[in-house]
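Okay, so subunit A shows up in both of these, paired with subunit B first and subunit C after.
Right after this comes the complex of A and B.
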């Protein structure tokens, strides 16, 4: 591979280009180069995420207010409206789940949490500011105990079986894994 | 058999693959996914910007280690041989189909057995599917289905994939702004970088020496039974994985509440059947394709490229299954995959008359 003039020209070109590349990268190695490129996607994404969390707090603020006043029925009606308005947003489902659980409607609470977690897995992450991992773990423990007992007592009941399946879905998501 | 050094290399490869498969999850990788080539490829495709699932983006060092470890072994033992030219485009498609099958099952054949050895009984459908797929593939080979021999050698094309992974290694350490790493989700779970890289290099090295892979083990057990070294490597894998799962407290037998698993057993079966069938036709599962690419096999390199394309598509098109089950697109993709492989078998069959 170093026989004739053409080979030598190719080697020389390769060496020159590699040196030029190293010089180019070396001269722009600082943070200035990164900022100028506008490509620091991680920072952009983190800013967008925090903006979203703030927007969620603002959007669902009235619901929190109603809950603090003990007006759970009104909070649920407001959430219905918000869920219809923002169908891709998980937070409404999670809040519905929290209220329904407080009201003792376990099966419905599980269904709401499942709908929320399917839309956004961040509610299961310890690291997320939206995390509800502890609540979901407690819901699963209670669901396995109560819904599991009902399912065992009524083996042919499809509604209870579907609720138990939802509890198992949350259990599987809490267990983690790659998906 | 036990006096043959190669036998012990195969057993060591099985032990390391099973052992590190569990340990990498203990050290930080997602549960039951200490080693999962398909998950790693989906993560890496995401990190490079090929798919935008913000929970599945991380340039997995293990993946880079597999290829570079294999390259190092092949160079040291003078087995690096640049070769290629056997049905390149079908191999690219085969790589995509491998990822579709893995994504619908949620895991590659290595993860299949890591899931099973951690007590995930939903993986049983996948085991049945993999065995069925390998059997169909073996029947296909016996009946003359053959992608064709490599018709070119000696050129530098076998260097391209190792060079590409060397470039990925540079990116991993340089962390340019265009790389995206998840801050949440399963891709945010990872073992320390240097440990992951070292594990990948070690596994790549020994896998190249031993030729060990899961699908190859199933195929060899079918063809030559107890005389196959692969059987013993496979048993070593199972012993190491079960033992370490029990010791590390991750062993949790049952069908329900398993990490990264769903209950649609028919689709788990079909997903792994597709992987088994394709793997036999192209000479190895996703892991083996990486190892072969590292030792200069440009055909395997094209499968790897196909796997990256497939890894991006399964996330972008919603083909990948989740704990909630398999999407309509996932089911359709599996059926399309079977149609493509069946048609390929008809086209690539050498008929005696």
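Right after this comes the complex of A and C.
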């Protein structure tokens, strides 16, 4: 088999080709796996997001139903249960902010929106199915006008200043500022 | 001789150290705070004694708690029995208009922060679905000086063209303590058709599992108005008022005070979420209500 130099060269070339082939196959297999797992993760993320949106619709459905009937106080009581049961879920805080605003409690509405947005920035994202960007913009406009006027009329009042600071926080988040 | 002198010096120094280490409580000024009774003297004391001790610790004054019945409050305040007051917002306005008290801080509790609302409720499924349906029905009010258990609801009825004096079968006020809870239970179990319920009590009872959020229909609800309020008598040392205000606004959930050898969480004991600095003008909606309902301090005969 290895009688002369030509044989040795042939076998060496064959070995090099085989090794190169194996390396190439290995590399291809790795990159395909990575692409496949990346795709899986994106699908998983998408599925989890849709599942969350559906779960939110189911969990907070009774609250939305009461609001549609104009029963804001009953909705607020129902929501209180859910906010205590799922304190880390932003949606409860956002809904609470909407109801409190409708009921004339502007400072508390702002505080509730801030709590919600801090937990999940999706509510500021125009493309998210959960987006409340327009509502938050309107709240900020109203807050700057009304709470701003109170702050100007009561300089040194820490409570009003703290409320105005929360309005400005929402404003900065709308402008793209990070947490 | 030298050793004896050193011994004497040591004894004198030791005595001085002991004296310096003593509390000077007896020498601290004493200031009394009148607390309007909520449900009972015992409950009010349990709730607010830790807060009073906390204020003593923070302000360096020996505050003494004086529980006072709502209807005796102004009389006892005028008699100089206490310099600081803790009352509901209507009583604060009465004391402000009649005696010139100055606001210190407003109490935070419940969903509306330093404010809460009054609601007219009926039992779900009773057939009473809107405010106009309460004509000819049996209604329960809370105590007469309750801003969100009487005043706000009376005002809501007048605004809807319903005169509680003529248009109901009757109205009454439950006897004894825990009036707000009694009237809510009264509607739930059919003793009354409708009731004037403070939203704060609905929130608390729902949270405690005493009622379910969907047991009732809210027929009407007032705008949120300020509730419990600390104030100071006219002429109280401004430095003292400032210190009390600072201590109240700085109150945190982890703050504790000692009562009968036990360390208690002040906010938890008092059932509060803190204090806010509301301007007196935030109480104007209550003033307007009191004028419309012909209640003190604007009552006309």
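To be clear about the criterion, the second predicted complex is superposed on the first by the 137 of 179 C-alpha atoms of A that agree within 3 Å, B and C clash if a C-alpha of one lies under 4 Å from a C-alpha of the other, contacts with A are read in each partner's own complex, and residues count from 1 in each chain.
One rule holds in what follows: a residue touches a chain if its C-beta (ideal position, glycine included) is under 8 Å from a C-beta of that chain, and two chains touch if they have at least 3 such contacts.
What you see is a predicted model; the values in this text were computed from it and never measured.
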If you stack the two complexes on chain A, which partner ends up touching A:45: first (subunit B), second (subunit C), both, or neither?
first
Quick check for you: in the superposed arrangement, does A:68 touch first (subunit B), second (subunit C), both or neither?
neither
Kindly classify A:78 by the partners it touches after superposition: subunit B alone (first), subunit C alone (second), both, or neither?
second
Examine A:125 and indicate which partner it touches, taking first as subunit B and second as subunit C; both and neither are also allowed.
first
Determine where on subunit A the residues touched by subunit B overlap those touched by subunit C, and list them.
none
Of subunit C, residues touching subunit A in the complex:
111-115, 117, 119, 199, 202-203, 206-207, 213-214, 216-218, 221, 223-224, 249, 276-279
Which residues of subunit A touch subunit C in their complex?
71-74, 76-78, 80-81, 84, 96, 100, 103-105, 107-108, 111, 150, 153-154, 157-160
Where on subunit B does subunit A make contact in their complex?
30-33, 36, 39, 43, 49, 54-55, 106-107, 111, 176-181, 183-186, 188-189, 252, 256-263, 320-324
In the complex, subunit A residues that touch subunit B:
34, 37, 39-42, 45-46, 49, 118, 121-122, 125, 127-128, 165, 168-169, 171-179
